[in-house]
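First comes the structure, then the notes that go with it.
Chain naming follows the written order as A, B, C and D, and within any one chain the residues start at number 1.
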């Protein structure tokens, strides 16, 4: 070219651009954000109906129920992570961009967490109060859910990338992601239980934080590799 | 005979060993069946395409 | 033979390219060499592997064998440089139907080097500036193609890769594409195109028949 | 050495020599299992706590061991296939998955049967080993489901290799988190910790069983892989020649 070629935009700029675009898309389609939330609320309603409304039972099963419901709601939200990008060809455009794909994957996952994990964390106190959870435990619940849903978003992005474009995607995605997410569920729910029983729970919080950091440093690479494979 | 009785645990112990044997046999059998069927599929296809016999 | 690969000449070449899809061999030992200012045409009937060849060129598919070189160096060793030098206009436009034209193009600007051209003047040239506030889903297929063309014009890259650029375009639109490609080549750019119809252009055209 | 390895990995060559290797693994493997089973059932002394029920260890531990080894083989083979584009490695990974799932199932079944006289229940949720094993089984199911959901073999190979590698990291975390969890709930384990303290008369048959099972597993894996190779290469020239001129030129 006659003029010297201009520089490629910065890597972080592209990360934020991807996140901003996905947030904008979520804003234009609020249903995609709200549906998992309604699902979360409904699963939490089903449990007292099934096992009985006694206060003792609710405080006992509360942490577990909330965590399982949050896990399932995250799973429902995951399906759409790469689906529309795959369908309209914009995934292909991301793959041939000069930006590092793991970073773009982080951008997408971050936007996904902001529109699925964060709302869950914000709604969880309301549900927790109906389960007779004391305030100090609710704080622990929100803290563990924050760290846990981050990990779930990151892990889930791997599964979503592996199954995007497959016909039986949804059921398969659960089959892949649920075993992966078990450590998060185990640590998260039991930490809240420990807090509810007035025992020391900090080890669980640290473990969740470590898991989230580990997931953040490894999962984007797996997601990027999976996206390249799935788009073939 | 005393050894076979396994001090009262015979049903458990022998079921486990039997199950193990079964799993080994099933796997061995499946491998043979699959190999034969893969081999035959290829044979049928090649002969159909190339008109042997 | 493309010799003398000086640092200043932009060139794209492929050697011994073989591609399989599943068990099926799409093509074998295809080669080409493209210099600045030249148009490369992949010709062939539907299903001959034109699209697959182009996808493999940009790295979306893997060649069974063979190598693509950009400025004399295999693209596998300089993925980011190569991707920073191209725009890929695929069959699907790759834009978000829920976002407006401007929002879409604004996002694209964070991915690739951008030319100095002003967004408004580019939209004006493509005759889509009145569509600016509309979400892409309310645009016709032909108008969406034009937005994809705007993405190409706004990127400051030497290599244009176009898969069936004339689909969904009327006669006027096709003439527009040809004019844009010609200008790009005249500026020293390169263009590779898969097309199943004849392309009439006043430039050096190399053909690969699949 | 490298050349030899490459030659071994070429499909026709592998197809030809796999049965030979397989037999040489199978026969000593079966002999070891025969000895181990006999000695374990009749020669080894009964455990002072569990009585004769402890003899289930002679099939449970090898099965559990193989369930994990198969997963490691699957992940390592997948990684090799992904990085060095070695097609044989993907065939190995594809063949190891169902075998591994079978041994995981066997470990779960024998563990559960063992648990019945020991715990008084078929399934003890708080036993960390059984839980890890169960989650491992789910991993296998996910892996095989992903493979079968993708039609294109090359794509299925790569996608499942990524999954297996992610799974390996996670299997380890699952193990520790389950252990922590069961310590909260007073988990009970059937197997005593500290293997070396075992009576040699008990340990010898166990080692023979583990080793024998490994050899038999290797033999099964080789032959499964061989069939997989034949299936994948079904359109190549060497398979055509092999099928049109059978037995004659061996």
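Heads up, the rule we're going with is that a contact is a pair of C-beta atoms (placed from the backbone, for glycine too) under 8 Å apart; a residue touches a chain by one contact, two chains touch by 3 or more.
What you are looking at is a predicted structure, and each value in this text was computed from that prediction instead of being measured.
J.: Which number of steps is the smallest that gets you from chain A over to chain B via touching chains?
T.: The fewest touching-chain steps linking chain A to chain B number 2.
J.: When you take the mean of every protein CA atom shown, which chain's own CA mean is nearest to it?
T.: Going by the distance between chain centres and the overall C-alpha centre, it is A.
J.: Specify the chain most distant from chain D by Cα centroid.
T.: C
J.: What whole-number Å value describes the gap between the mean CA coordinates of chain A and chain D?
T.: 33
J.: Chain B to chain C: how many Å between their CA centres?
T.: 55
J.: Would you mind pulling out the distance in Å between where the CA atoms of chain B average out and where those of chain D do?
T.: 16
J.: Averaged over CA atoms, how far is the centre of chain A from the centre of chain C? Could you give it in whole Å?
T.: 36
J.: At which residue positions does chain D touch at least two other chains?
T.: 152, 154, in rising order.
J.: Quick one: which residues in chain C touch 2 or more of the other chains?
T.: none
J.: Residues of chain B that touch two or more other chains: which are they?
T.: Where chain B is concerned, no single residue meets two or more other chains.
J.: Throw together a list of every chain pair that touches.
T.: In this structure, the chains touch in these pairs: A-C, A-D, B-D, C-D.
J.: Quick check on the complex: what are the chain C residues that touch chain A?
T.: Of all residues in chain C, those touching chain A are 10, 58-62, 80-81, 83-86, 88, 90-99, 103, 107-115, 135, 156-158, 187-189.
J.: Using the touch definition up top, name the residues of chain A that touch chain D in the complex.
T.: Residue positions touching the partner: 158, 162-163, 166-168, 172, 175-176, 178-180, 182-183, 186-187, 190, 194, 207, 211, 218-219, 222, 225-226, 229-230, 232.
J.: Report the residues of chain B in contact with chain D in the complex, numbered from low to high.
T.: Contacts found on chain B: 3, 6-9, 12-13, 15-17, 19-20, 23-24, 26-28, 31, 34-35, 38-39, 41-43, 45-46, 52.
J.: With touch defined as at the start, can you tell me which chain D residues reach chain B in the complex?
T.: The touching residues are 37, 41-42, 46, 51-53, 55-56, 58-60, 63, 99, 102-103, 105-106, 109-110, 113-114, 116-117, 216, 220, 223-224, 226-227, 230-231, 234, 239-240, 243-244.
J.: Please name which positions on chain C make contact with chain D in the complex.
T.: Answer in residue numbers: 21-23.
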